[in-house]
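There are structures below to look over.
Look for chain A in each of the two complexes below; its partner is chain B in the first and chain C in the second.
After this line comes the complex of A and B, so read on.
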């Protein structure tokens, strides 16, 4: 632990700390543009120049001393970039010297040399690192003002060069636009793509004064591209979904949690005038660090359009707006003599813990047989032990069955860290290190540490030492075979995966000192396999990371919204059905006599079947707890965008129960939370240091087996996001991926347009022959519904098309 | 057909020089091979190289565009490269460039109708003491260039002389004297 002096303060920092972090750790400030948390320090922008000196050791091994006997400080002959200089014992750093100030001011001047003066129309204005640093560290008074005709005008440089002109509206994708004039060549975005998601799709083109950011892979692959808009220190890379929507200080900024997947990534919801305009990543070092997936960032356009703003009652076959009183009367009339057992209570996948608790309690009180939540898997994720995401970094070998990049995108980024062998960084006074010297550009990925199997080649496949593609439905048999090998038994054959391959995995698994198993929805849908994972975790001490398709799965199961025997979200049963937040499959709706749906948006199935629709809040607008995949308690906070009168699950359930003449278990989130506190000892307010809720559960698994042939492939994008034109354009027509041999059998031709009908509705798709799939495979993007399942389907060929 | 399809043996030898897990380190020799044989590196070749190296076309283009040696479009038989960095600029590289453009009637990325000439501004060629400097193809530098010397050069090349046969008027003060001169 080297001790060093920053200006007047003596500090001690961990070995390997950069001078930049030492300066911030001591409470001083230094400007920087190119450094960024979790990216390699490269010393490109030269903004963090400081005066650095260090003592030297003489030939006798002792410090060289001055006349007074103190170690003599040898100053470096030039100013040093603090981000790439390592803090060493006895070092002395001066950040306040005149020469330092002057050098930093000079660098500001260089950075502004070619930077356009369009701050008033720039989306980054007001939240721009270049703006802030120019004001703080530019020699504003000295160089930048002049008096002209008695007016004080601003000069941005001592030199009168013409600014370089370049492409100002270079669209990199439907979501990201690049302004090449504003770019200051910090290289953050280029390094981000190589170092974080591992796709080199941006690079410097040309060199010197002509350098610009370019890509041959336009549009950028949708997945993790949005993070570059967060880390761009200027307005060069901007979020197109929020382009020109507001100035930064006009946004209402709500810190909440993304509920599109079970990772629980921290987000900022920026809203203005009751509209969600932008989602940004919020730093949470233990979970998503500073990254979120594109779906979480750009998939918010659906919230603003066509909201259900008032109750809708079906009259003469049409849903017509009504007052709340009318809705209440309507419901009272129909629920007056309904017995509790006839009721079905269903909650969307992004339901909060409080909502889950209320639904579970209500179902219990009513003795209802039909209850559950959307996308519940056959095996409850809560039965599996949960490891912290950071613990993954301490593993030596990871076995992945599924597609983390789509099922839980942030876990994919964690797996990239695991591949590079990065361990969590030390925490400083200012938080995450800004210039972490352990990180380098192009760190080799240790492929031998990873084995991946999925029903199709995933993004992770090219990083894995052992990678396989099995026909959909084989995830369960694969896990069971592997478990048999590990337990010294003879495995059953797994279609598409040779036994030798599995033996290699087992060998590496056993050779590793610590192991991790990552399983997706497909495994959770195969109860025996999921149980085998739980057993392996216990007997072999493996860390388990389950990726349930419902964001709140772990918590909802733990509070009792788990119904292994009765019908749930997917199965018909109840005659009086109440669903909050999403529309259950058509057959569930069709079999009920009364269907009340609380929704933020109508969809075709709700339009066809609902008898009463109540306006619902989206997860961005709710308050409550959720439990993420690692068993961490997280808090949702409401963005002020819900239309007047829209309800969260507790309010809507209370509305339903009161109409039945029953008392709701909790009418308000705070009340529900107090119950959670009494029953499960959950904190009333989330403590700063975080809270884990991992009750040891042995819930009975649901029985049943997938019957269909069509595999619903996990996607980070959700059905509701497709309401947004921009998302639809970016994703293109959904592809019905099929192995060429299977296509031949089914009579499908490459590029043919077909309509695929499943229990979740109809979808237009384009046939894509894909020889990388296993034979027999037929894949359609799930967009959230029925993720990881195999379902029966019908193919409808539109008129004029041929298949 | 790909450029490297019939050069698998050559590729194997090249890859032997680099760590097996880091094939993309071989980007330079592959680019050089294409440039030498085809005179420029087309987007198709960039994609092909990326495919061979297991990287993205963006990265190959990033490397390629860094070096003025690699051409993205076909060049003339004589590709004139004018150094336009500081020393040469101060010594009159801009005038030289304007003269060239006027004389040949082409801009960067274009080729004269006779297919003989193309021009390009390049970064420092490292011969500041003999600025301004012009380089033709991969040949030795032409130093202390001025309008007269440039004209003589163009005339010589047009008349089909080899570069070393062309006498440039005036001298730079330190040329290697030819035997017997």
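After this line comes the complex of A and C, so read on.
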């Protein structure tokens, strides 16, 4: 632990701390542009120049001392970039010296030399690091054009500077735009792509004054590209979904949690005039650090389009707007003599813990059999032990079965950290280290630490020492075979994966001191396999990371919204059906006598089947708790964008129960939270980092097996996001990926346009032959419905298409 | 009190009796106001291209101490731009009931788009009518909203109740006649 002096303060910092972090840790400020949390420090911008000195040791091994006997400080001959200088014992740092101020002001001027003065039209204006730093550290007048002796002189140059002109509107993808004039060459985006998602996409092209950011790959690979708009210190990389929607200070900023996957990434929802305009990543060091996936960031356009703003009642086959009183009367009349057992209560995958509690309690009170939540897997994720995401970094070997990049994108980024061997950074007074000297550019990925198996080649396959592709449906047998090998039994053969490969995995698994198993929806859909994972975790002490397709799965199961014996979300059951937040499949709706759906948006199924539609809030607008995949309780906070009269799950359920003449278990989130507090000892107020709630559960698993050929491939994008034109354009037509041999059998040709009908509805798709798949594979993006399942399908050939 | 004093006082009265009155028979006669009088705002245009000067940067709204201004920007269609550059104000509203005519918006404006004009006859009947939109504020609109409504009803041109010796140069293109 080196001790050093920053200006007048003595501090002690952990070994390997940069001077930059030491300065902030001491409570002083230093300007910087190129350093960013979780990225390697490179000293590109030269803004953090400070005066640094250190004592030296003489030949006798002792400090060289001055006359008074104190170690003599040898000042570095020039100012040092604080971000790339390591803090050492006895170091002295001066950030307030005149020469430091002059150097920093000079650097500000250099950065502004080519920077256009379009701050009024720039979306970064008001949240721009360059703006802030030039106010704080810049000069008020230009130095390089000052008048001396009445003559206008330009120092160091025979030429008058004109600003560099470059491409101002370079679209990198549907979501990100690059303004090359504004770029200050900090290299954050270049480093981000290589270091965080592990894709070398952007780079500097040309040199000196002509340097610009460019890419071979336009559009940028969708997945994690949006984070560069957050980390860009100027307005060079901007979010196109929020382009010119408002200035930064005008947004209503709501800190909440993303519910598109079970990771529980922290986000800022920026809204204005009742519209969600932008989503940004919020720092949460224990979960998402400062990153979020593109789907979470750019997939918000759906919230503002075609909202259900009033109750809709079906009259003569049409859904017509009605008042709440009419809706109540309608419901009262139809629920007058309904017995509790005839009722079905279903909740969306992004339901909060409070909603889950109310639904489960109501179902119990009604003795209803048909209750549950959307995208519930056969094996409850809550049965698996949960590990903290940070614990993954301390593992030595990880086995992944599934596709983390799509099922839980932030876990993919954590796996990248794991591959690089990064451990959680020390916490400073200012939080996460800004220039973490442990990080380097192009750190080698330790491939031998990772084994990946999935039904198709995932992003992670490239980084895995052992990687395999099995035909869809073999995830269960694969896990069981592996578990058999680990337990010293003879494994059953797994299609597509040779036994020797599995033995290698088992060998590395056992050789590693600590192991992690990451399982996706496919394994959770195979109850025996998931149970095997749970047993392995117990017997071999492996960390388990389950990626349930429903964001709130762990919490909803734990509060009792789990009924393995009754019909689930996808099976017909109740005659009087109430669903909140999502539309169950058509066959479920068709089999009921009364279908009441609380939805924020109408979809084709709801339009065709619903009898009464209540306006619902989206997860951005609800208040409540949720439990993420690591068993961490997190809080959702409402953005002020819900249309007047729209309900959250508790209000909508209370509306239904009152129409039945029953008392709702909780009419308001606060009441539900108090019940949760009484029953499960959950806190009423959460600390910022969350609260661990991992009850030991042994819920019965749902039995059954997938009967179908079409594998619904996990996607980070959800069905509802496709309402947005921008998202649709970016994703393109969904691809029906087929192994060539299977395609031949089915008579499908490359590029043919087909319509695929499943129980979740119809989808247009383009056939793509993919020899990297296992034979017999037929894959369609799930877009959040039936993720990881195999379902029966029918292929229809639309007019103009050929198959 | 002497007779002299009485006569002196009467003299003053008599002198003013025959001098020109200072009161203005408004609205029959126009009020003479100073060119720098702070009245209703004008959104000016570039004189040569006719494009709006406003780039929708919202700095006027940020500077407004009364929160009277609401701006919603949008991206220009390069083929058919509304303003110079890539951004323009799709919605520009000033609530004249809230406005205190301090002129901070004019000072904050980086393009000289929003300028306080001289019009002051803004009295109207309904709250909603005091929210002036772009069509009320742009250069082409002469007179306040009630005045233009009256002009449209009667078919006569807008009659402004004031006169200025000259229009200050910031109000580029504005003519008060």
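Keep this in mind: the second predicted complex is superposed on the first by the 781 of 803 C-alpha atoms of A that agree within 3 Å, B and C clash if a C-alpha of one lies under 4 Å from a C-alpha of the other, contacts with A are read in each partner's own complex, and residues count from 1 in each chain.
One rule holds for everything that comes next: a contact is a pair of C-beta atoms (placed from the backbone, for glycine too) under 8 Å apart; a residue touches a chain by one contact, two chains touch by 3 or more.
No experiment lies behind these values; they were computed from the predicted model shown.
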Which partner does A:216 contact after superposing on A: first (chain B), second (chain C), both, neither? first
By the touch definition at the top of the document, which applies to A:199: first (chain B), second (chain C), both, or neither? first
Touching A:169 in the superposition: chain B (first), chain C (second), both, neither? second
With the two complexes superposed on chain A, say which partner A:513 touches: chain B (first), chain C (second), both, or neither. neither
Name the contact category of A:61: first (chain B only), second (chain C only), both, or neither. neither
Chain B versus chain C as contact partner of A:77, first or second or both or neither: neither
Can you list the residues of chain A that meet both chain B and chain C? none
In the complex, the residues of chain C that touch chain A are 55-59, 61-62, 72-75, 85-87, 110-111
Of chain A, residues touching chain B in the complex: 199-208, 214-217, 444
Residues of chain A defined as touching chain C within the complex: 118, 120-121, 125, 168-169, 243-247, 249-250, 273
In the complex of these two chains, what residues of chain B are touching chain A? 21-22, 43, 46-47, 55-62, 65-66, 123
